[in-house]
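Let me give you the structure first, and then I'll get to my questions.
Just so it is clear, A, B, C and D label the chains in written order, and each chain counts residues from 1 on its own.
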Amino acid sequence: MIRAGIVGGTGYTGVELLRILALHPNVEVAVVTSRADAGTRVDAAYPSLRGVIDVVFSIPDVEALAGCDVVFFATPNGTAMLMTLTLLDRGVKVIDLSADFRLKDAAEWSVWYGMEHVCPELLPEAIYGLPEVNREAIKNARLVANPGCYPTSVQLGFLPLLEKGLADVGQLIADVKSGVSGAGRKAELAYLMSETGESFKAYAVSGHRHLPEISQGLKLAAGASVNLTFVPHLIPMIRGIHATLYAQVSHNKASLEEIQALYEQRYAYEPCVDVLPSGSHPDTRNVKGSNKCQISLHQPQGGQTIVILSVIDNLVKGAAGQAVQNMNLMFGFPELDGLKTLALYP
Amino acid sequence: MIRAGIVGGTGYTGVELLRILALHPNVEVAVVTSRADAGTRVDAAYPSLRGVIDVVFSIPDVEALAGCDVVFFATPNGTAMLMTLTLLDRGVKVIDLSADFRLKDAAEWSVWYGMEHVCPELLPEAIYGLPEVNREAIKNARLVANPGCYPTSVQLGFLPLLEKGLADVGQLIADVKSGVSGAGRKAELAYLMSETGESFKAYAVSGHRHLPEISQGLKLAAGASVNLTFVPHLIPMIRGIHATLYAQVSHNKASLEEIQALYEQRYAYEPCVDVLPSGSHPDTRNVKGSNKCQISLHQPQGGQTIVILSVIDNLVKGAAGQAVQNMNLMFGFPELDGLKTLALYP
Amino acid sequence: MIRAGIVGGTGYTGVELLRILALHPNVEVAVVTSRADAGTRVDAAYPSLRGVIDVVFSIPDVEALAGCDVVFFATPNGTAMLMTLTLLDRGVKVIDLSADFRLKDAAEWSVWYGMEHVCPELLPEAIYGLPEVNREAIKNARLVANPGCYPTSVQLGFLPLLEKGLADVGQLIADVKSGVSGAGRKAELAYLMSETGESFKAYAVSGHRHLPEISQGLKLAAGASVNLTFVPHLIPMIRGIHATLYAQVSHNKASLEEIQALYEQRYAYEPCVDVLPSGSHPDTRNVKGSNKCQISLHQPQGGQTIVILSVIDNLVKGAAGQAVQNMNLMFGFPELDGLKTLALYP
Amino acid sequence: MIRAGIVGGTGYTGVELLRILALHPNVEVAVVTSRADAGTRVDAAYPSLRGVIDVVFSIPDVEALAGCDVVFFATPNGTAMLMTLTLLDRGVKVIDLSADFRLKDAAEWSVWYGMEHVCPELLPEAIYGLPEVNREAIKNARLVANPGCYPTSVQLGFLPLLEKGLADVGQLIADVKSGVSGAGRKAELAYLMSETGESFKAYAVSGHRHLPEISQGLKLAAGASVNLTFVPHLIPMIRGIHATLYAQVSHNKASLEEIQALYEQRYAYEPCVDVLPSGSHPDTRNVKGSNKCQISLHQPQGGQTIVILSVIDNLVKGAAGQAVQNMNLMFGFPELDGLKTLALYP
């Protein structure tokens, strides 16, 4: 039984961590912090957790957190990096759900996140928490940078093609659509029901923070720089990400059947990636509340464009679920502990 | 480990049973029937169940079903009653999620359901599957009539008041609102997204089939006939029922504090009923995907009207979850086996 | 052609006024104020108005507003009352969409709205802007207090019964459900898509500000004090209000047919109230975007409870549409000028 | 005043035609047909039209239709072609909202629509009803093939680039998302609220019927065959289409500013196409219920990929609104008669 702490327990990823960890056989949630709600019972703020969570929000306190075996940061960018060094020095393992440790290049991080990185010396050590790529390194890591939601769906969708050098890396397109919870639990006009309901639009087309993170990952997979056009959109629903990925694959490189076989092989032993029969249309609802990523492949009209469809739940495989998957690896628990819940359908 | 069969596995309650039973420590789903989809893999029809359910839909066959320890009927009304006698004779326990065995009066049933009951002799034996009322009888039952969704939320909301004779039973009002999945997985214009989205209306105001079932239950609780006005409405969402109940309670009978204490007491040992602090506003989302019923009490402006708010997930505590709760009781399993999943928030 | 000013043009009722007035044959929108957005083009903030509105938001300025023939206040409570006296003295007619002038009793207003009324001397003159009751007075008014959304749907639903003394005024219940835009365009967590989507709950059950307003109107209609239990709820959609009203009508007073005839008669010449055939189930979507109120009557199971269903669009007949209807009356325009748009279905 | 007939008046495009024509100053809706609902009042089936439409559904009858000046076919594919020749011979103008006359190549049409065309001789005469391209021809047409919804949004988005030969026509991608009303008013499981709510997926990726229609139009614009990858998706909302279009434009061909100027010029006199400032993010809600198409341009990260965002209301500019726009042209009415309604926001 290990003790877990959650810093920033009042955002959606924080509450998801609570939902998942509450039923984890090997974890006891010992500390949940929130500056704004310190002193309030967690289950008073979140009645969905009544009866299972018996914790009161506390002010973030390094001592209390140092008493944990693992600390999850479900905080705004720029927060985790303030406490991580101290916690690592105290022997605590850290899993950061924010972006603070995702980019290897501190200067690039500064450009995209608008602030100076306070502990760039940790960047080389931080392991990017995508188990499908970094499983072994995660097992031995002290510090895991949990991937962003869009980056998870896009990388899982592109990896096999890029690893095998089958796609033209100068022409990758990711047209991605997300439910509104991806924006977080923030009181902003743009995310009101009255602003997003019965509504659809793109945003941040000129450049979204996830772009450098995705490019970094695709470059590692391809062994070469990639040119990715990444266009995010907002769907009038709460949970779910659907990535429609376009890659140019010349006929002599591989047929659709060969690519299908490649994906099935690549993910054969991945418990959280499910390659559907080619031609399927994955639906975000079939992974809602679960830690699965479902993928399918198409080659419309037999042309050179391969279309990959990739769906996840942005709060689970896109955040909290993946964080717990990483924790399981770091502590040697069965990888799916706490993550067996099936998708909620309908 | 017992073997379970599900007749009518392609409706929403059928799929919910599969979702819940797939992770039940003591149940193996052996048979799932569907006339229309016989021969298809269950997880091909329901990709949310890929990797956990390895069953093919089969034609309903008494022999195969007789090899089960328990059979759930998630069928249209009038179907369960055709097979139940045979299954009971073969030693199979039956849990009917349809209405076939809910009403004690076969004639009344005929009027409301528009057909003759083919085995009215089973009605006295059938136990109404509301554990909060019939726990002991359910434990000893061969045949359980699983309650309807509206009836569950309304009865749980009214019971304590009626059992103590505190309300004027001549003036009960249940204004109830449900998500669209309550209508079932039927190709009908009325339930299209384009007909129900961004939309709200009442229906069946002149008389809904659940009315006699609710009245029967309230009468048992009150020990007297009740006059209930029951008005259902359709909410533009998939899951959830919110019942707003109105009872007249004269001041000299009880204060709000006394009624609050009564409810807390009545449900103190009920694992699936959660009485919130008085004045709370339960939200269907806080029980979405879970087997909980959350209730709160109000006495607006200190008047004689007590308002009870009661929320459930119509597919879980309103159907499949309650059915599994009943199964656990019938087989002596821990009552919450398979039912510990927390609500999916947000 | 008259000149109209809108104070507080950035809320939903403000934008609705713009949408309706943009096509009004006799009105030119001359001034639209917003402290926060002063200097911005209206159609930059609201791209739905591109091509029709050529106005820039301005700081509220009494001189500019005094140059208008009519000024609409689409402001938070407590704002209109600061400028109204001055505008009236300058010969401007004022239509207040906020609550500042709705209650006749300034002390009661203070209790419910949490502030002192600064010009209670205007309260006797202010005409409550419900044309179906006050048409003649509105025609001669300088100052109209535009009704709240819930009060509009509830009063229109109850009026005929109460005017004829048919209902037991000690036992009225209004169970009302509203889309989220009724809360306004405010950056508050409670109204995020992620908090309200796939979700339903009651709120303010202990006492909602609209309660005294509704009670005031029902009392006038009945000629006696009424005891109203009013329970509002939030629907996961943007527009629409559905009121389910319960009244006790003893059999010897009137039959359903007689009450139906009464409603049809009462509203026979009301262009914005549409009494449906008895037994109908009005749907909010059938009045979405239009200034209509649709009503139907039921007498479930032939009992003493009459159920009235009343639907409006909270932003149109519940606010901006009604305000324009009042303006038309005040200026002698055809009552439906600018209000002929049909509901947007589906 | 002309007389209009609507064949297939019970689908969503039929009802939209009614909504728009009811307020058209020069049109009287004389005939509305429906085999299934013959004999029923239109406003009984569609309460949103009460008070404005006084018509009873009738069996489609050539004589009655021949008494109209214009007949709109809002029917399933394969229906209009059965009656069009006769009506044209009787001097009636025909506007077909189905696909029967959209493709010039009858053989290609057969392949995609699964049936033989019964009057291919009309195909050369039929004018494709996209006013932004064929305004003059439409003015003189007897028979207009109203474009599909996806084709409208995609072609309007791509046209200026292709007409000027700026894009690599071998690499066009259209990632398009639509609300569910695009599927029509059909009782099919796939379009239930319970199947589409809180849900997002692609469909028909291997080949959608709109593909040949779009390719035909883009080829005309480009003067060369195009290679288009077209991927449609279903959004959990009722109305709206958002097309995200990708074109490769090499730097020496044109800068973003030049392309922006090109689009503004190309559509300067188009009353129903609105080019937003470059970098904007059009939202389907800003054209909901209106006949507008809003477009904006992006050049993410200054690369070679130009991203065009194009939004319409699938039932208005994507169907009924465009049909009325065409009718206005055919009869010499002001082009925007009946089409001035502003988008319904929020």
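Just so we're on the same page, a contact is a pair of C-beta atoms (placed from the backbone, for glycine too) under 8 Å apart; a residue touches a chain by one contact, two chains touch by 3 or more.
Chain labels with UniProt names: A, B, C, D = N-acetyl-gamma-glutamyl-phosphate reductase.
Note that the structure is predicted; figures quoted are calculated from it, not measured.
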Shared touching chains for chain B and chain C? A, D
So chain C and chain D are the same sequence; what rotation in degrees superposes their CA atoms, nearest 5? 180
Using mean CA coordinates as chain centres, what's the chain A-chain B distance in Å? 36
So what's the Cα centroid distance for chain A and chain D, whole Å? 39
Distance from chain D to chain B - Cα centre to Cα centre, in angstrom: 45
Residues of chain A whose C-beta touches two or more other chains: 12, 181, 185, 194-195, 197-198, 236-239, 282-283, 285, 288, 346
Once you've mapped the touching chain pairs, tell me: line, ring, star, complete or other? complete
Of all residues in chain B, which touch chain D in the complex? 12, 180-181, 183, 185-189, 191-198, 236-238
Under the touch definition given earlier, write down the residues of chain A that touch chain D in their complex. 171, 173, 175, 177, 179, 194-195, 197-203, 205-207, 211, 227, 229-231, 233, 235-240, 242, 244, 246, 248, 279, 281-285, 288, 298, 300-301, 303, 305, 307, 309, 311, 346
Chain C touches which residues of chain D in the complex? 12, 15, 19, 22-23, 46-52, 181, 185, 197-198, 238-239, 274, 276, 280, 282-283, 285-290, 292, 294, 315, 340-346
